[in-house]
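You will see two complexes here that share subunit A, one where it goes with subunit B and one where it goes with subunit C.
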Partner chain A sequence: MHKRSLGLSLVGSLAIIVGACGTAATPTPSSSQAASQPAASASAPAASGSDAAPSASTSAMKPIKVGVVTDVGQLEDKSFNQSSNEGAKAAATESGGSHEVIVTKAISDYAANIQTLIDADFDVIVTVGFLIGTDTAKAAKANPDVKFVGVDQGVCVDEAGAPDGTFACKGDAATLLPNYQGIVFAEAQPGYLAGIVAGSISKSGTIGAVGGTNVPAVVNYWRGYENGAKSIKSDIKVLYQETDPDPSKGFNDQSKGKTIANQFLSQGADVIFQIAGLTGQGALEAVCAKDGAYGIGVDVDQAVSLPTLSKCIVTSAEKKLVDTVKAVVLSVASDTFKAGTVPYNAASDPQAIGLSAYHDNAALITPEIQAKLDAALAALKDGSLDPCAPIKCTVAGS
Partner chain B sequence: MDVLFDIPILGFIFQFLAYLVDAIFTTNLPAQTLQLATPIVLGALCGVLNERSGIVNIGIEGMMLTAAFVGFMAAVVVSDAMPAAEAGIFGFTPALVVGVLAAIGAGMLVSLLHAWLSISVRADQIISGTVINIIALGLTGYLNRLIQPSGSAGTLDPIRPPAALLDLPVLGPVIQMFFTSGPITTSVIIFVIVLQILLFRSRWGLRTRAVGEHPRAADTVGINVIRVRYRNVILGGVFAGLAGAWLTLEFNASFQNGMTANRGFIALAAVIFGRWTPVGAFGGALLFMVWEALGIAIRSDPPPGDLGVFLSGIQATYPSLYNNFFGALPYLLTLIVLAGVVGRSIPPASVGRPYVKEGAT
Partner chain C sequence: MTSLRRIWALAAIPVVSILLALLVGSLLISASSLATSPSLNPLLPLIAYESLLQGATGLSFIDVTGGAITFNPSIKPDQAARALTSTVAAASPLVLTGLAVGVGFKAGLFNIGGTGQVLVGGFAAALVGGTVAGQPAPVAVTMAILAGALGGAAYGFIPGFLKAFTGAHEVVSTIMLNSLAAFVIVGLVNDIFKITGPSFARSADVGNAAMPILFGRNGNLGILISLILVVLVYVLIYRTPLGFEIRTVGANPSAARYAGMSPRRLVVLTMSLCGMFAGLAGAFEILSLGYYPAVFGTSIGFSGITVALLGRAHPVGILLAAILLGAMQAGAPSMQITAKVPIEIIDVIQGLILLFLAAESVIRHALRSRTERVTPGEIGTVSRSYGDSTT
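Let's look at the complex of A and B:
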């Protein structure tokens, strides 16, 4: 029996070592894990932008120590986690400070990961994703001298400044938690622009969108896309499917994404918008395998992040995560930090949403289509165009 | 037909059957089903080979994931070295050949670890399998981060039969199902038939089953139990490796952490469902996945008539319930079929028990 216990403990300890590379409390480049949930997170209610800090232009910057806690998944998601981290890193470098990232393995590790960075005296902690918002708000309340930046998090607190699970949002986040900014993107706007592209280049009159899990960010993209396409051709058919209600599968199952896209293609769709993170990569691959079909990427310029698929990606509906996160983190260094939920959209400076360059498929976008896109973008900027109309940006729509 | 459709409640069933027939004969449902089922069938073949010789293998998931990673990395390295290589039959470039072989090799290596732990060390086989799953997930994720592969080696080409063949009555859907996917998907049916015959009609099969049912009896007639078990577990690794190759070299063109997404565990269910036979496991995998494929089809293209109106109504009113229902459907039906049709399935008698030769402790 000696032999048996030796072998087991040998392999067991290897498992522990490998596992430890990715444990919660290691602020070093750590291993990533199975479940991924990139493209999406939600914008909570009450977008109460505050005017706490006057935008004193480029005052002297102090070097800051920036820590990032990612959402569950991998850092190299070529999308959400990766871009937020790049923005934070760029800001740290520009201020002359340092940067560290922790990749979250499980939802239950959120609080511990944030605490690790607090204990290591970081000045700014960037947390990524809607789901980590509650733990971020708690940490912000307990550590008033650390600045928190939450990507895709609406700050929603009760009168006492504690996270509000009922989403009544009675408390004024900007005054109760003056050290916490929630970044919320208007995904429906780039979705709308993507819809204009899809509606214009579709020959079959059927287009599709593959969603990961129906969290608000995904639904916003989808409904904006639908409204945009219908603004071009009112009778266009927009197919949509949620990959899986469980986000750890919905955003991380390439094979299923491809299957859904194949289904859409067989129903005659010739443009497919992917709103499903890594799942969507499979959808884009399906599109690439079919002549005359085109894909639209999400969150970042996917023709660049997925070079092998660039020939069939027309454009990507972008949230400018890198620029926005960088600007917000730098606002700490220059003492112009704003608290509360801050919406980022076409009207933000730098512009926080938009379409990526057309790269290989620039010929598809005729001057007429470009004119429509420019007009829509201008209307989104001045607020005269609502991307969530006539179909509302909810799962049920209508 | 319309008369049948108008019957209350029962009409729904006729409408559904009409939709199903339509889906089989006019859409790509048969091919979608086989594609989704491929990694599960291959994983299940690995499970059958293991369990028939008395070794429990719940590490199929980890074996598939390791193979997917190693195969992909090897293919990327080779394709970087010789980017202009010409593709041969089925789109096999040198990179893809090396990738598929590397995936199979990786599957065999991990199986060897499992075999050593379960047969020689006589460790608990469930723990050995679990450890393999945990290590595979952590190690591939870690190395993927470390290497950060950019680019891809491409994928194996699907077979493209003449359109006229696909339009044949009755035979059309069958040809579409088996001969419009890549070579790994297409080869699955061959593996299933060959293994079924070998397992029940050959000397190797008889020995395998004897070792799984009653190793002591097998030993007394001169069968080397340890060797048979090693051989079967490692042979199983070949199929787990092929499943991994399917994930990164045939159906998809990149590796993602945890991309097996529990397919290895569904394969185990298919093994039990199929009563430890290759053909049964194949049927089980197809049954699970036809519902998955149908769920996708129904949600994006609802059936005609009242059923479609009814389903669309639910979809609009309770979207998350509707989607969860389709997500759960394969498993719900599995439960029903397991309880009602398959009944009690009896595993090989000695499965999970390490063999100790009499007198040697």
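Let's look at the complex of A and C:
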């Protein structure tokens, strides 16, 4: 949702200042904090071999011209826009090519922004966010020579390769649009690992999760978290609340996040997982104000992006956006590009999900807990562990 | 000669405002280069404006290589066609929201409700479009567009009615109605009209009701309709008895009443008409997108205020102002990748234009001009106190 702020002053004769369109970022369910530390995220403790270099062999690399079209909002959003752009930029540099970015101001500008990059002969165009998916698919169909990478986009096309308004998704995206890859993340997996941490360090037997809006990504994180915690203590109580069904509020209401977290704390919760962007920042603040309570961040290493709260953030359930986008863009340079919707998870190379470093709270994670995390991660990798079981990753949970 | 002088008298303030805004904008662009490069780049504004122009029109005047600037006018025909199409496509909703404010000025009304009217019009078009998605395109498109026009008109009717019969000032009521529309529609899309399938809340696809493309990649039907409406509004305001009544009410409500006109009727009618224009703009935006996403938001409603003031509330002026703003919007992506200037500078320049327009008397004084006020003054409508009412 884009909130337009209208500063209108009719005092005295007149002074109108319209504009200053404070476009709040499109509420990607995971809008949260900085991912400017690819190095930090690559050192996730639960990861055995997470910092594997992109598999593309550098010898066969050709220099590529990479363009990014962001989602509505700012480039420096400490979340999807920023991380995707950093990944794309890193890939362009590594291939010896160049990189540019266009920031989107309104949903109706998506197509024109993509077209500008096409007209300027870019080789790879990275588009950010699920809303731009339709325009990306259309552009991919019209420009088979240009590669498209859609962050957070499931590719859904009809038999003709056009974006499917009915969402029957009958067309095989990988064949029909061989120049378009949609990146999606398996949020339930890092959620599960976060749940193991919460279940292990909780003394009260009650933990909480604050969700922004119950969009699939949030529900996946939440149910994965619940299953992870219950794998440690089957009788653990997992409190959950959705902040607001309207994403423009659900992910942006810091004070409500604080209220919900305080309510959970008063009900005995001593670990709270935030899945609510800016709202969740309020939740982490509430947790920090209480002794013996710990918070878990989301999407990026929040102990780094929120340094004032790092003392009470145990870890963060991460989507490794920078590494993943970089690897996908580089796959174009090395001619190993894959089309269609590609799910990124623990088994991806480089590993696309995981927990962040424990920083100040490393002492909480005993070797025993770490062993359980390592085992779970290995099981997630080989597919023997389903993070959406026994509780299903739906709002109803069944 | 006199008519030229008359045009200059009307256009002087807007033109000077634009030039001043570009000048101040260029200082800001220069300063912004400090953030991205080791030293101040005094040439950056030139490069930025050049790439803006090129993105909007395909025209290029200079070559910049390694700090040296050479004058080299050139045009790439295919790029020019695409760029101009994008410019008029971006201008067409602004023409409509400009009319939504400008026609109000003629009647002495300040309609800040463009945003809400755009959203309601867009939402109505999305709902009807989703319902008639399977009908033949001409039928579906017509119905969806009409729904947008009616939705917007209905949402303009409300503040008009409140003003006429209760005296509630339209500035206050339209601002509140903007928020109301935004939040109610978000709720409706999230809870009732959400379709299953996509990973985010949105309404059903409009299918055959999608905006027909007449030329190029995005030269849609809305451009043609906007142009036709500019002509119709001109005829309405300056060539019909109703237009005369609207202008009379704007100039002097008491005189209008003594002359036997009904200011109440005219206020309701004008606000509904304004709402209809904004509603159409919303319908064109949504029918181009193909569905209504819960997170939809747009600044075209507020930009309409800039357009109307810049165009001095005259249909032709509004058309020209909308093309200018549309060009800035269409050229912005190219400015970002060529000059690496942040897109926010476009908002800043538009804000500056408004600021200088508002400082009219200062500019007038600086020009020492004979550009006396030749219209009742849309600026006057904006600045008039809340106290007086046309009823």
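Brief remarks on what is shown
One rule holds in what follows: the second predicted complex is superposed on the first by the 339 of 398 C-alpha atoms of A that agree within 3 Å, B and C clash if a C-alpha of one lies under 4 Å from a C-alpha of the other, contacts with A are read in each partner's own complex, and residues count from 1 in each chain.
As a working rule, a residue touches a chain if its C-beta (ideal position, glycine included) is under 8 Å from a C-beta of that chain, and two chains touch if they have at least 3 such contacts.
Keep in mind that this is a model prediction, so the values were computed, not measured.
In the superposed model, A:Ile365 lies in contact with neither subunit B nor subunit C.
Once chain A of one complex is fitted onto chain A of the other, the partner contacts of A:Asn262 are limited to subunit B, with no touch recorded for subunit C.
Look at A:Gly282: by the touch rule set out above, it reaches subunit B but stays clear of subunit C.
When both complexes are overlaid on chain A, the residue A:Ile232 reaches neither subunit B nor subunit C.
Shared-chain residue A:Ile102: touches subunit C; no touch with subunit B. In the overlay built on the shared chain, the residue A:Pro245 is in contact with subunit B and with subunit C. Of the two partner chains, subunit C is the only one touched by A:Cys156; subunit B is not.
The intersection of subunit A residues touching subunit B with those touching subunit C, taken from the two complexes, comprises 3-4, 6, 8, 14-15, 18-19, 21, 75, 245-246. Within the complex formed with subunit A, the subunit B residues making contact are 27-28, 32, 35-36, 39, 113, 116-117, 120-124, 127-128, 131, 134-135, 137-139, 141-142, 144-145, 148, 150-152, 154-155, 247, 251-254, 256-259, 261, 292-293, 296-297, 299-301, 316-317, 319-320, 323-324, 327. Residue ranges of subunit A in contact with subunit B, taken from their complex: 3-4, 6-8, 11-12, 14-15, 18-19, 21-22, 29, 31-36, 73-76, 208, 214, 239-242, 244-246, 249, 252-256, 258-260, 262-264, 266-267, 278, 281-282, 285, 307-308, 395-398.
Listed in rising order, the residues of subunit A touching subunit C in the complex are 1-4, 6, 8, 10, 13-21, 23, 26-27, 67, 72, 75, 100-103, 105-109, 111-113, 115-117, 119-120, 130-131, 134, 154, 156, 165-167, 169, 215-217, 245-248. Residue ranges on subunit C touching subunit A, taken from their complex, read 55, 79, 82, 86, 89-90, 112, 115, 133, 171, 175, 178, 182-183, 186-187, 190-191, 195-201, 204-207, 217-218, 285, 288-291, 293-299, 301-303, 305-306, 309, 329-330, 332-334, 336-337, 340, 342-343, 346-347, 350-351, 354-355, 358, 361, 379, 382-383, 385-386.
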